[in-house]
Amino acid sequence: MTITDFKELNESGLYFDGYALVKSAQEATTKGGVPFFNITLGKQEKSISTKLWENKFNNHDLAQLKKVFENGNVLHIKGKLSEYRDQLQLTIDEFAFPEEGVVQVEDYLESAPEPIESLRAEYENYIGNIESPVLREICQRLYDEHKDKFITYPAAKSNHHCFTGGLLYHTVSMLRLGDHISGQYKEVKKDLVMAGIALHDMGKVVEYTNYFAPDYSKVGNFLGHITIINMFIDRKVQVLKDEIPWTRKEADEVYELMHVINAHHGKLEYGSPVESKILEAEVVHQIDMMDSRINMITYGLQDENLQENEAKRIFPMGLYYRTSQSD
Amino acid sequence: MTITDFKELNESGLYFDGYALVKSAQEATTKGGVPFFNITLGKQEKSISTKLWENKFNNHDLAQLKKVFENGNVLHIKGKLSEYRDQLQLTIDEFAFPEEGVVQVEDYLESAPEPIESLRAEYENYIGNIESPVLREICQRLYDEHKDKFITYPAAKSNHHCFTGGLLYHTVSMLRLGDHISGQYKEVKKDLVMAGIALHDMGKVVEYTNYFAPDYSKVGNFLGHITIINMFIDRKVQVLKDEIPWTRKEADEVYELMHVINAHHGKLEYGSPVESKILEAEVVHQIDMMDSRINMITYGLQDENLQENEAKRIFPMGLYYRTSQSD
Amino acid sequence: MTITDFKELNESGLYFDGYALVKSAQEATTKGGVPFFNITLGKQEKSISTKLWENKFNNHDLAQLKKVFENGNVLHIKGKLSEYRDQLQLTIDEFAFPEEGVVQVEDYLESAPEPIESLRAEYENYIGNIESPVLREICQRLYDEHKDKFITYPAAKSNHHCFTGGLLYHTVSMLRLGDHISGQYKEVKKDLVMAGIALHDMGKVVEYTNYFAPDYSKVGNFLGHITIINMFIDRKVQVLKDEIPWTRKEADEVYELMHVINAHHGKLEYGSPVESKILEAEVVHQIDMMDSRINMITYGLQDENLQENEAKRIFPMGLYYRTSQSD
Amino acid sequence: MTITDFKELNESGLYFDGYALVKSAQEATTKGGVPFFNITLGKQEKSISTKLWENKFNNHDLAQLKKVFENGNVLHIKGKLSEYRDQLQLTIDEFAFPEEGVVQVEDYLESAPEPIESLRAEYENYIGNIESPVLREICQRLYDEHKDKFITYPAAKSNHHCFTGGLLYHTVSMLRLGDHISGQYKEVKKDLVMAGIALHDMGKVVEYTNYFAPDYSKVGNFLGHITIINMFIDRKVQVLKDEIPWTRKEADEVYELMHVINAHHGKLEYGSPVESKILEAEVVHQIDMMDSRINMITYGLQDENLQENEAKRIFPMGLYYRTSQSD
Amino acid sequence: MTITDFKELNESGLYFDGYALVKSAQEATTKGGVPFFNITLGKQEKSISTKLWENKFNNHDLAQLKKVFENGNVLHIKGKLSEYRDQLQLTIDEFAFPEEGVVQVEDYLESAPEPIESLRAEYENYIGNIESPVLREICQRLYDEHKDKFITYPAAKSNHHCFTGGLLYHTVSMLRLGDHISGQYKEVKKDLVMAGIALHDMGKVVEYTNYFAPDYSKVGNFLGHITIINMFIDRKVQVLKDEIPWTRKEADEVYELMHVINAHHGKLEYGSPVESKILEAEVVHQIDMMDSRINMITYGLQDENLQENEAKRIFPMGLYYRTSQSD
Amino acid sequence: MTITDFKELNESGLYFDGYALVKSAQEATTKGGVPFFNITLGKQEKSISTKLWENKFNNHDLAQLKKVFENGNVLHIKGKLSEYRDQLQLTIDEFAFPEEGVVQVEDYLESAPEPIESLRAEYENYIGNIESPVLREICQRLYDEHKDKFITYPAAKSNHHCFTGGLLYHTVSMLRLGDHISGQYKEVKKDLVMAGIALHDMGKVVEYTNYFAPDYSKVGNFLGHITIINMFIDRKVQVLKDEIPWTRKEADEVYELMHVINAHHGKLEYGSPVESKILEAEVVHQIDMMDSRINMITYGLQDENLQENEAKRIFPMGLYYRTSQSD
């Protein structure tokens, strides 16, 4: 039977004729010296191991094939699904670039579990409700400036929220926690917590190279996202100072905001240049821990092959069990 | 002017004739060899440094005075308030035990910022809503058994929630967070989180010696509150096994509950015999961090002498600033 | 020449027709895509690398073969011994389950270097000589209850005493040290040291899944052997309390015993929920270190291929030299 | 005999009538309850313990006296030098503020061991010789902007270079090492090393509150000197971009400069938000270690009372011996 | 009543006229400015706090008094015993140096709990029984050379075995353990363990300044006792090489001995330049841990004031309880 | 085209007929079971991956081939250069030992970037200029004794200065820094710094097995190069004591020299038995850090394939970027 939607590839013997995303590709060689490719094809969260043998290279040389099977490309693929060591494996017969406009890469990338549009609306609503004009303006102007990347980038290269929109999703999850916690603990200044969360990881839009196969950029490696967002904020402050009355109160708010962001990794050894010195900085750090840990575990246990009561090693946290689901 | 309510002692020159709690007392001696006492008297969160000079010992010897000025006693005190190095200091003229029944120690101890009765009702409501019969029964029976101490003990000897009812207040604050977080993250099993929180520190009713001036008991030092609550739970389980149908599901729930509690300190070096291996264990640990850190900072900054923008070293966390209050 | 005793397989060219224990088996595949198995066969401490090529699968499919070559099975094997990269390698011709009752798995497992029966007698003698009725009864009842597993389980999954009867052997070696040390240092309370040693690792009968190929059980991972033995002891205490006069002295003895066991890992980061607070707890920890370190090194250096003055990396301790033997 | 120059106070019995700097002052009280002050008076590196007894308060109340004896004030002092427990001690008879303009505070503060003017000239020469226009301009403009503080501030609150001009002296010492090392190792890019050194600690002009009795400012505590200098540089870059042709090369130079500065503490746990990723960053860190360690030890051993072959504990490094001097 | 033996001073009101050892003395001063001395007098393990007021200085100036009350002197003391804050306190009336030859300092120092002579005989017997000529000769020659100090020095400046003969006592206790352990574990080479123990701390005779009030000598601080004993051994080896046939076997024995000693602190961070690489090195380290830990705890709990079930903080190990004594 | 100089092998298709050094060789096997060798051939810093297939074994068995392709041999090789996965790969046709005397191994080993002869002269000049007779004699006599190995050994097994003459080159680089720093900081005693540097790593001539393919010797593993040099120095001191007047000054110089060397690893956990207690010890440690870190990074980035702005992971330091070269 021929299948056209990659997500329906679920048993040995099916034939696939459709589009798939290249998630990774490594050149390899048989001991006899014949080159071939180990490729991971996928669509959203689904992935299948794939082989491209030399007899299907179709006159491409190795350099050309590397370009074709570059991480992030969506290709038109034909091939047969078989089973190998208990796992499905696709063997490619034909491959080609799709015609322009036929597929949207976005439809093939794994993405946040909630729609980007509603996450955006929620984010905009949270920052729109910040009462302090200085904090609100900084958030809105930086969001406006970096929106395109901010809503597609992942929140981390690996481990947690490493999918399209992960940065936005992680930020909104934290804003929800921040909203609740500012309500439960009356000493916590809500504006500062919400602005701090809204911007804490925004520097990643420069720290990473792209949204679909992110690596650290040179600037990311040299400075890190905390230093980057400090400079972003400072540039907005230089402008705002001329637009609104600027007193000790406004200056304090900016320094507190920067401090909350600088301290959000919690400890110097995790890359924060300072440790928390105000309540809100500690709160934002704790919220970040809470959301990222929950995501690491739930995301790590979303493994089709994992049975109830089975355990799996989740980097960097250790062994975790999938427990019985509540009804 | 003569003041009878300790909490109204606020300027040099006042004369006090009323009741006060002994918070601490140390024997000292002048270089001339004359004994005297440095005493901290207080009422609830208010404290004043106090001197008892030898000419006011009133025929008591040192051993008798130590009994009188034992931490936790409420005494009838007369004395004058003066100022010494910018701080108020009380010099005792007369002291006596109050007549039986005239004062309630509870009225003089510092206590949780919300009424114990409403915290109890909230706690009972949370555990009453646990759906799993096994988890709910364990919580309720242990609560019933240890209620008297559980609602008066502090949550820690120092640093956080170290006031009457602190254990209950800390537990209820965590239950509120647990309630919100189980709602926000659908993968989190609410019953397990709520039961784990409800019992996580209950072993402290044995680990500490009393509620008003707690030290570690010998058993507390030998075993610790985590080992103690494990044994408490196990004893209830031995009974419950004969009362309700006991399958793999019930056994799993008990082991998961014990695991959540065993892992709640987060790391082995903080005294957990195991580290978290299920999502709910990590969540309860994070909630514990969140609530205890917020309490340490807000409690530490509740210092009448601390101005806005001033900083204070809060053990064990470091320097913290009191920022301007939100309006 | 045909050999029937696995332990006599020592040169290339021999033909084997006899029984062997499966120590491990992994499915593999040639680059040409043909499946085969890498198997370690053995008898007691002897092991040989073995191949099962596809032409000898004998109509079994992969799933069936995995059942046959499951860790812990003893099989009837025929095959030829050759040399490959300086090491002996067995190529299987035929394999079959032996007829019921023909072989005893125990004869094929590696076991403690002293006979189990004499170790048992020595253990029973040591606990029988404990003078305190409470400590002696707890040891004897728990030994009676868990004897079957206690005398066959290993003392660790790897590194030290990881052979049949290792748990008993390690415990008896420690009892011998405890006996000497209680004699040499008069301040050390012998009863407490001996009872503490006798029970310190007994929780492993639940922490591990079985004795011949142990892994951590779910309960083992969730609670650990220290928490398990605490509950075991507490259950016996609940019974003993009704059988013998129970005073402060008996209660103290139980808490001290539990404390010795809880603290035997020495540091919180090694999984002890408390660190030693009495002399005997420190002594038992030091005895455990002494015996396990000596065993790790001597066991690790028992390598036929290691020459005098050669070194070998022994996990987790580092590089160790085999020195010249004393005459 | 009456002495007017504080530095000549060197034996018991002398009478002092001259100016002295208040280095510290603490209110104290005799056991009899009489207040007095423990004061350290000094001139440059010389210090003498001083008492102001109540009978010399001269009608000032405690609050007034605290203002007079505030750290950093230079006062006209009369008093007698005696010996107490083998150390000189000054007892104040009279004190007064000097008439306006009579004394220069600078003459009383401890200062760098080389003249500020020649250090300035050397610094200006080093940055003037930076060949890269971008790096040179950033250094010169920031130096021009912060010169007044940069040449008077200490390099640290304590431990090393904690004297007037210490920041400049430390920077110039490092520039000398940087100059030599860029010459000895040809792979090291000199411009980057020299510009990195020139600016690496300049943020301290904001991090500290003043030059004569420095504490961390609130901004210093919230952001730290590394984050501050990043913002300083970025503001200059925003201007320079419009003044000189700005290509990838210029951008790279700025990022490398920022990286060198960000990494100069060497490890995350010492407050660097990133660790060195280019040779020059590691070199500047090593130069900083070299100069600060040498200064800590030589400065710590500059103790008049320390004999040859005697040792002294130097915080934070440990015990150090003064060895025999080379001839 | 007048008491002449210091060890019988046990209640308020007694008058002392006898000899006592100065254990420590600090000059102090009353707030009124009058000097006095806080002195600890003692005999063997007994100590009493003592005051020497100015009216009893008996025309000595402070410098003279410091000479008289120097740590390690035995003096003729007259004075009255009173009680102060629940503790006995001696007030000196008269003091004098005893006539030459009347007292032996040794009778007043705290010493090992077994007679030095029998410890010496046991030590000599152990090293005399070493079978390897090289190891035995090295031990005997170094013992002969350093015997005088080796039998009187403590094993540590504080914490464990810090009494006269402590070094010998600690070494003999370890030899007893080494003797037993070499017997229990047949893989352990006894000669190497016994020689290693015999010499492991002998370098302390140079590392410390004296036996009755030891501090680190300059050489001790610069090199440490491990480097010192290495050089001692090497010098004997240079001689032995010419006296006995010297083959690879002898060289190996020397290197193994040095290695055992070099590694006896167990970890680099405890001052061993290498970590154990042979079984015997690990065994000697474990024996050192065992004996020093047992001594720290038993010695620390030998406190007359400590009741059964009371706890005391024992540096550097933590809180320890005195448990009920076995009958 | 046929190439005879290995260093000119730079494109696919060339044929090599010349000499090459075996840098490493591992036996491997095709999945079909056919043995072959993976060999790294090289000349100085150049290396090429090489295959020797079975059909070219030329009647050698595996044991013989291992002897031929032993690390450090120079062989006559014929073979073809091809490209495999973007990298050059040599396939051997023929191999043979060169005739005696035709090639010098030294010409094929990687060596220090400056000529050994000039480094030697510089070293000799530095130690000849040490003014203290004791320090100078110790340096010169030890240099004379160990010269042959000292000028060829590497400074480390890997990471830094791991080439022929690396030990001398590293030492001379440090002497240059020491010379400058003793000049810049007048408190630093030059003689001690220069003698300390000259000898600090000389023990490596015994710690390593050879100069071209060094491993740790047994003595190296047992004692380490710091303990070895201590004994070397001590032996010279025993002789010098009889040759020159020996006072406290000379003894102090020797102890200070030993201390500088003992402390040069900086921290106990890096293998120094003591940490620095004099200025010069700290200075030598810092100089060692400076030179070894610079060498690790520059050596690690000397990779022909690394482009400007590309990064490479340099063990044990992390990711490093090759920046644009200064002009």
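Every chain is named by a letter (A, B, C, D, E and F) in the order it is written, and numbering of its residues begins at 1.
We adopt the following convention: a contact is a pair of C-beta atoms (placed from the backbone, for glycine too) under 8 Å apart; a residue touches a chain by one contact, two chains touch by 3 or more.
None of these values were measured; they are calculated from a predicted model.
Identification of common neighbours of chain C and chain F yields A, E.
Among the remaining chains, the Cα-based centre furthest from that of chain C is the centre of D. Set against the C-alpha centre of chain E, every other chain centre is closer than that of A.
Copies chain A and chain D of the same chain sequence form an interface built mainly from equivalent positions, shared numbers / all numbers used being over half. Averaging Cα coordinates per chain places chain B and chain D 45 Å apart. Centroid to centroid, with C-alpha atoms defining each point, chain A and chain E lie 63 Å apart. Inter-chain centre distance (chain D to chain F, centres taken as mean C-alpha positions): 42 Å. Of all residues in chain F, those touching 2 or more other chains are 31-32, 218, 221, 256, 277, 309, 311, 319, 321, listed in ascending order. By the document's touch criterion, interfaces exist between A-B, A-C, A-D, A-F, B-C, B-D, B-E, C-E, C-F, D-E, D-F, E-F. Those residues of chain E whose C-beta lies close enough to touch chain C in the complex are 173, 176-177, 180-181, 184-185, 187-192, 249, 252, 256, 275-280, 282-283, 286-287, 289-290, 293-294, 297-298, 301, 309, 311, 317-321, 323-324, 326. Against chain C, the residues of chain B that register as touching in their complex are 218-219, 221-224, 226-227, 230-231, 234-235, 238, 255-256, 258-259, 262, 267-274, 277.
Chain contact summary for the complex, chain C toward chain A: residues 27, 29, 31-33, 35, 62, 218, 221.
Taken in their complex, chain E has these residues touching chain B: 30-32, 84-86, 309, 311, 319, 321.
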